[in-house]
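Some structures are shown below for you to check.
The same subunit A turns up in both complexes below, where it pairs with subunit B and then with subunit C.
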Partner chain A sequence: MTHTKCTDPVVLEQWHPLISDRELADLGEFRTTLLERPLTIKHGARGIATVTADGPGASPKVLQQYGYVWASFGQDPNSLFPFPEFEEPDRRFVPTGVFGVNVSAGRAVENFLDMGHFPYVHTGILGEEPHTEVKEYDVEVSETRDEVVATRCRFYQPKAALASDEGADVEYTYRVPHPNCALLYKSSPADPSRRDVIYLFLQPMGEEWVRAHTGMCILDEDNTDESIRYFQQVIFGQDKPILENQHPKRLPLDPRAETPIRADKTAIAYRRWLSQKGLTYGVISVAA
Partner chain B sequence: MKLYDYELSGNCYKIRLMLSILRVGYETQTIDFYPGAEHKSDWFLEINPLGQLPVIEDEGRVLRDAQAILTYLAVKHDNSSQWYPASEPARLGEVAQWLAFADGITGTASAARLHDGLFYDLDVEAARKGAHRLFRILDEHLWFAEQQGQDWICSGDHPTIADIACFPYVALSEEGGISRQDYPAIRRWMDRVKRIRGFVGMSGVFPASPAADGSAQTAA
Partner chain C sequence: MTIDLSQWHPIASSSDLPLRHVYQAQLHGREFAVWRADDQYVNVWENRCLHRGVRLSVGLNDGKELKCLYHGWRYSNRSAGCTYIPAHPADAPARTICNRTYPGVEEKGLVWSAVDPAGDFELPEVLKGCDPLVLRPIPLNAAPGLALSRLADLKLEGGTSRQIASTGSYSHLAFDGLDLPELVLFVQPVDAHRCVLRGVLKAVPADPAGTLRQFNTALNRLRTLIEAAAAEAPAPEPIAVDFRPIDEELASMPEISRSGPKAELRVTVARKWETSEGVAAFRLEPLSGALPTFQPGAHIDVHLPNGMARQYSITNGPGEGGHYTIAVKREPDSRGGSECLHNAVQTGDVLAISAPRNNFPLRRDAVKVTLVAGGIGITPMLAMARALDAQGIAFELHYFAQSKAHLSFPELLNELGDSVVTHLGLNPAETSAKLNEILADYGFARHLYICGPGPMLEATRDVAAKQGWPDEAVHFEYFKNTQEIDDSSTFEVALARSAMTLQVPAGKTILEVLQENGIEAPSSCEQGACGTCLATVIEGEPDHQDVYLTPTEKAAGDKIITCVSRSKSNRLVLDI
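Right, the complex of A and B next:
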């Protein structure tokens, strides 16, 4: 009864998102599952959150950062990745919702990194035929920061953001600074010299069931939180059936397991990076 | 006409789909169903004390309930009386029967989807089991209809609002962990619905790929 079903030390040592501070403040108390362990989160005095394991077993460590409550079952979890845009005072921080998805965290991250599906899944918004080409872009694994970074990703988008008036070539940068978290930087319609940030933080409830926390840190003084949230929910709702029909639901790390194309460079780097970390939870490891 | 709407709601989608097929223009007011629970807010409860979407306002009247709204729209805007065959007792009885069945789909398949996707606290196994029981009944019904040369849920050569009422939460069932693998007649019927002229999808429901010459669209 007292053991965690997940025994992968790589995952256990990570911080995992549970709920946004705002949602917890509204609810006061929330029950959820992390790595197959039921937890109760309580909103305390001055916004301090407490997280306790339901039933026997040690309660996790707690961190409140970037607008979320995070938890870890690790002995000495590393500090969370840098996200400096979160601190910029003129940005709007809008958590756009959390959705349950029947898929592994790795599959969800990869979908977030993929531009090739835009014209077919997000037709008329993030892409449209005949603009289907994924142009050459750069990928590196930053050794100093231990993250996968894809730059110079360009794509024609009919409606890149709620604040967009017309179609435009949009430039993306992707960061994967955590096995289950990814950030997307894209040209801001409000200020071309700066970039909006969209994040996807995944909370693995099990190996094939996640809570997907989505949100934005953006420059937009015109649209309401509700309409920004709605725009993002429409996009996520389109991704959901695609994600849930992935087979297998866990992410195969063997480079021979699935056949990538050149547009999948980021995904290839991501899988290799996970392999090198020795991750086993939610993935199909390379056979020894 | 105004529709109080939420994109990810299958019941709101029924109305958007019907309006698109009937080529009726309308405005929408987005309700922050999730996470804002605006449909349970004081101001919305004054419009619909049940705290449910969709609701329409038309010519000063407020109407709630997806199936009631479908009925109203079909009678008002379909001069051919095909979508709601008001003067044919036998077919109209079938329509009413399957509208009630659509509510059963909402109570099971939609509930399972809310559990998996939006963390509603309910007995998801019971919801899935209930949905499979209804899907089995619908699949057998559609299979026998096909043997009679019938394409739609109710008898006759034209789809009715019963097809529109049943379609969304069948099409979204996989989001609640309800596979349609064992219901081939349902899958064929879904493809036929997607070929109705004026069909639109929603987040989670993709349109059928366009036929090369457009000829596969059902005249409607």
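Right, the complex of A and C next:
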């Protein structure tokens, strides 16, 4: 029997990210919290990580995949989602940092899926007034893979290419293959036929408190890891104060809690998908 | 302790609301965004944007509207209605997207509010007639009831305090042996375990700054005392707050529709004046309460004493929520509408009007906007120009009129400065040449809006098309449809969502048939000009007879104006 405060079976049966393999190798040992429960992670021989619970209760199961140490308190955790780009040998894998945010995982995922805030929150980088329109795009919940997918998403970006000052529409695809993880695919400046991947893996410390693990799997020979990290730190630093001023902090699943517009189709599908899963942790469920 | 939500409390000092600031206030566990508009109106709103719950206290107060920091949604002064959603610049937001508001009254240097007031604000008797000095507020980690019971413990050096009176919300104190005015000390209940002490001296003392320091020290000592007492008892749970759900219709995003021209509002003609040669302006104010939110380009149906209903554009600038101002040109060959407004309707009269409806929305995702107004066509253009000006978007307003005496609202035009260019007394050829000049430099993210008499409007559209302006960048509004309507055809209309098939006979419009069969179908001008009765065509070939749709939209064949247009095919399937 586990002693976590979280009793939501949907969340307990997931794998949750704790730390990147690289960071753990540097630190040797790391203490963190998962679902209100303190844990210690140790870097062992040949990079094998061990995770032990601080205090009473059983230690979680451990998985090392996609460059991260994942843990689960479940009896039989769901297998982790596919992320084939991670395995492609010519891509660079760059973890771009961990951010503590006082908000629920659901709010952070929605912000990641949202294009409408680019001109206001990421002014001059991912968007710029007056080019504020979110054009029609497609969303589906893939039955076979149990994930929310948004395609044909286009948004005006002021400096669409590195070597250009001209703005243009950039195309994005979003995947939400896990209640707390999302991936963004964006055309690669280096190879137009392939797409760069940016990921957001959320570690729920509590219902209203997360660690956000961010990073990229990209085709890029020009930029240093440091400049890529710096870019992502700027972007996330702009999102954090907005996320922490969302009220309520937990994600409301009732369609009448907030006002959806067509631009929010992905978020609407995501909320409905969470409702259908019966997830209750970090959300405000629809009143029965 | 039960909470009385009807009680008024001070929630801020007037000095907390400096120019263009948004102040975060709290009362009984609720958070408020409090902001003063440039017209001095104090708005007290629930502190969350209806879209994604971001606090509005981190938003931007531009003096007329409050803009949410997350997605740039704009909410109007007074009504708290949403006026613009940047993610969908071509659409007018449903006017029912409206923030929850609370009453706000500014008196004696304080802002007063109540969660659920039983009646209008009444200043506590103890403050009546005084010239007050408001002290610095002191927040406490203590239950409001506990704080109230200990207010008499306030001690000032060199004197003794004496409680004259005490109520459920304040204590009235005097200071014997000190040359100081009496103090009224309010407890603002912030939450179950938190409150703010708000002191008001009943007169301005000889040394205000020194007195403020003196009370600040004394109140901080009182704070330590009360918080120590509060720490001995277990802290109560914070007050649980429910957020009011949004309207059901908004949750699924369909447009709100109602049959026919509506007359849901009563207004009084507060002022009627001749704004230019042959043009009367009317300032319409609500009989009671507030007016619904309008957006630039919106019109209202005005129901006239002679039984007619006519459409007039609102000229107001952003945030001007206390009235609607319209203008009416005297038409010699009027069907009776302008005649009636010019002659019969006088200051003080009561009129029935509809809520504003916007079929001519202003896109603001533009690097520059060109507005072209002909004569009385200035009215929607004025509202647009004032919104663009307030938002800092580059624009030019070209106003074509017979003479200087024919320029309506000269005082408002002056405020817009060099962005307004007037073109006076031009003949059609000169007008056309001028339009060629104005429309010569089409570029990315530029938009053109036109309102004026039919021939001028058509000339402008022709010039724009020749100069390379794409259809989607050209927006226009006709006063009326002067085309001859051919209503001789007979066809069948199938309503996909209502699962009904109806016959439209010669001499009747689709709209009339819909309304006769109990289908909710909004309409306004009913002559193919305003666009209110627009429907989506799923199947069939529409016979367009309106002046609302652009040629591209007409050619696409997937939209129809049901009050005049008909069907070329035997059957038309509509998404109704």
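Annotations
In this text, the second predicted complex is superposed on the first by the 278 of 288 C-alpha atoms of A that agree within 3 Å, B and C clash if a C-alpha of one lies under 4 Å from a C-alpha of the other, contacts with A are read in each partner's own complex, and residues count from 1 in each chain.
The working rule: contacts are C-beta pairs under 8 Å (C-beta built on N, C-alpha and C of every residue); 3 or more make two chains touch, one makes a residue touch a chain.
From a predicted model like this one, the values you see are computed outputs, not experimental measurements.
By the touch criterion defined above, A:Cys217 reaches neither subunit B nor subunit C.
Contacts of A:Gly97 after superposition on the shared chain: subunit B is touched, whereas subunit C is not.
Once chain A of one complex is fitted onto chain A of the other, the partner contacts of A:Ala71 are absent, as it touches neither subunit B nor subunit C. Of the two partner chains placed by superposition, only subunit C is touched by A:Val134; subunit B is not. Of the two partner chains placed by the overlay, only subunit C lies in contact with A:Pro248; subunit B stays clear of it.
Contact with neither subunit B nor subunit C is seen for A:Leu183 once the two complexes are overlaid on the shared chain. One of subunit B and subunit C touches more residues of subunit A, and that partner is C.
In the superposition on chain A, contact of A:Arg256 is made with subunit C only, not with subunit B. Residues 241, 245 of subunit A lie at the contact with subunit B in one complex and at the contact with subunit C in the other. In the complex of the two chains, the subunit A residues touching subunit C come out as 110, 115-117, 119-121, 129-134, 241-242, 245-248, 252, 254-263.
On the subunit A side of its complex with subunit B, the touching residues are 23, 32, 97-102, 211, 226-227, 229-230, 233-238, 240-241, 244-245. Residue ranges of subunit B in contact with subunit A, taken from their complex: 7-8, 30, 32, 34-36, 116-119, 174-175, 177, 202-204, 206.
Remark: subunit C residues 31, 47-48, 50-55, 58, 69-72, 85-90, 97, 243, 245-248, 250-253, 364-367, 393, 445 touch subunit A in the complex.
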